[in-house]
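Contents: one structure, followed by commentary.
Naming follows writing order (A, B and C), and every chain is counted from residue 1.
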């Protein structure tokens, strides 16, 4: 039983990290109608920046994380301004390929600027606590809560605020939104910026376990996409819930079946799940207009 | 299930090529097509009219199975003479029954030549295996030659032969419309569905189109179902017209009967009260 | 007398285009090992070119998939790697004949590819990208963990191909095999594109609705184009292991898949010569040019950045790929010629 609780607690943390990454993907997808494959590499890049700030200034981890997210925000704005804003007339497949090009740029820049050695990033807070026979670190509690708070905040903003309305309108139909006077270019830019920040936060939460390296976000990246596929691309909450489910499944499989093959088994299971639910667990069937 | 079986065993009259019965489809609570029924006779030119948003293209999509109707049957006399219910079939299976369509927003392949675009219309007639195509074996080569000749005949008939090798990209609108029409002639259709064939054409082109549609009906021995907003076009060309509004049937009759029909007039012009 | 025969040959050549172009290209390439033997060309260049040619084969498959069917696959490297490991295992460990190993090493990845496609292509085309990304990662895990067959991180070795059971090829022979395969693949790709299957692919990409209305089974043709792409990837893998004689897990990562994608985007989508050009740019320029640049040439990531920037620039400003620059050059040339003629005809500069 205590093992189960342990897995549950670990899953809340892993799921939270996946959810933040997935949220970045779905945010950009629903506003720019692009799958941003570069999400992981941009997050990794900014995680490096954050770590350099840490090494350079010696500020506490949580402060550095906030600075890292700000840097990610700026990087997101830059990417949008320099590249994405020019892609309005381009077909969706080409837009995706541009994000693949972005991966190459960030993956090339990172070792050039930061070197190839992995760097250490500390936890936000040390110490742990016991619940029902399972241990949970304070750091995990922080990660879980921060993740949930941010997500709830975003959902709240999406539903209640003017910005959120603009995002949902752009997500629904960006041409009509523009005709209604919504500044869709700002909405898109904000989405890229926020997505980058979310991804960087996920990377920094992950960093204590995996250390900051070029390939740190590889696994999370794939799972973020699979969470969007599983949760359906039509809602914002679908991928988030799917991310937590995947987090739980991942820890479960890793412990009870095999920790080496847990990723592979997970991928195959998700792909099979899609067979039965092609539009995602929460997706609605999109009727194409001819 | 039982209802469908009963309806199927009840064959449609010999001179009828299409019979839709109680066709309905709703999108998220809104009924786009509501219990629509009409039939089309062999070699008939049948028009479907209605104000914008009445559901005309949706009816086409339900017939061609781009959408699966929620209820109702689409009985079609296929090119083998048998009657089949098209509901539930996959969209790509429809053309092999002898039913082909054009699109409101022209759906041609810009990067291909005119003749290659037409050849897609006879896709189902190509039988050579992939290996045969890769190695250009006689079977593949002969088949390609034969169907290419057929395509050239169709292009000559439609007056497009001189541009057959030009790319579709950049062709004027009227020519694109002709190419789409030509594409439907490649599969020996029994029923051609034309979605707003006169849209965007000028007066001269529209008159030519009326003659052309009649010619096609005679030459290919097929029926035509069309949707069009140009009332003159519809009344000049169609043998019978079905008027719908909000997905519901208003009236079916000859052009004169429809023009005189009060409900149709009201739907088009709008009532003052209510 | 001789002139007449020459003209006939040229006529024959022109009639058989582009096949004659491909074969001529192949003949030129076969000269290269000869140049190495007589000391004119350095061996290291031959290795680079061998790589370029192998990646061209893989890229042609991807071009059929993306350029003509409109589907992205991120698993190219995984399937290519699978080809290398299978070929290595079958020839080096099991001592199977080269030809049999070739068949199996292409068939097995194709089966896995079809299974992947069955799942992901059922919904939307873009799910293929994510599914192939996942599958490629699974492959890499297998390459690392299945040590009994793959030797894990140490990598696996194989030898030069042995044709018909007794003709042992050396380095140059292996190079010729690569060239012959490339020419064959170019011809096959050309035939597919110009067949009704190729038209169905293009219809699928241009307008799914029209394609379906004309009887094209989208699902089936997506699967077919993906299977062909996987086959070409696996073939590339087999040729790779038999020339470079060594494979290891981390050679087959997303990095490679993206580079191969860059090949067709930069060189020319929907263009066979464009693919070759793209491969020279993506896989040739880094080794031949970038690495020799002072200071920044030492950085590993430079090639990657170069290719990434090039992809973005090409898509934004030259979407059909750099191969089409030749049309612009021709247009410019004829404009210049026309301008000169006008000048000399009228004795003054005419307004264009």
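Methods note: a contact is a pair of C-beta atoms (placed from the backbone, for glycine too) under 8 Å apart; a residue touches a chain by one contact, two chains touch by 3 or more.
What you are looking at is a predicted structure, and each value in this text was computed from that prediction instead of being measured.
Peer 1: Looking at CA centres, what chain is most distant from chain C?
Peer 2: Chain B.
Peer 1: Using CA atoms only, can you tell me which chain is the most central one in this structure?
Peer 2: Central by C-alpha mean position: chain C.
Peer 1: How many angstrom lie between the CA centroids of chain B and chain C, rounded to a whole number?
Peer 2: Distance between chain centres: 42 Å.
Peer 1: From the C-alpha centre of chain A to that of chain B, how far is it in Å?
Peer 2: A distance of 47 Å separates the two centres.
Peer 1: Which whole number of Å gives the spacing of the CA centres of chain A and chain C?
Peer 2: So the centre of chain A lies 33 Å away from the centre of chain C.
Peer 1: Where does chain B touch two or more other chains at once, residue-wise?
Peer 2: 66, 103
Peer 1: Which residues does chain A have that touch at least 2 chains other than itself?
Peer 2: 288, 290
Peer 1: Listing for chain C: what residues touch at least two other chains?
Peer 2: Those would be 209.
Peer 1: Any idea which chain B residues touch chain C in the complex?
Peer 2: 64, 66, 90-96, 100-101, 103, 107-112, 116, 119-121, 123-124, 126, 128, 130, 133-136, 140, 144, 183, 187
Peer 1: Hey, which residues of chain C end up touching chain A in the complex?
Peer 2: It is residues 66, 70, 72, 74, 116, 119-120, 122-123, 126-127, 129-131, 133-135, 137-138, 141-142, 145, 209, 254-255, 258-259, 261-262, 265, 299-312, 315-316, 319 of chain C that touch chain A.
Peer 1: So in the complex, which bits of chain C are touching chain B?
Peer 2: Touch list, chain C to chain B: 188, 191-192, 195-197, 199-200, 202-203, 205-207, 209-218, 224, 270.
Peer 1: Using the touch definition from the top, list the residues of chain A that touch chain C in their complex.
Peer 2: Those in contact with chain C are residues 35, 37, 83, 86-87, 90, 92-94, 96-98, 100-105, 107-112, 116, 218-219, 222, 225-226, 229, 260-261, 263-264, 267-268, 270-272, 274-275, 278-279, 288, 290.
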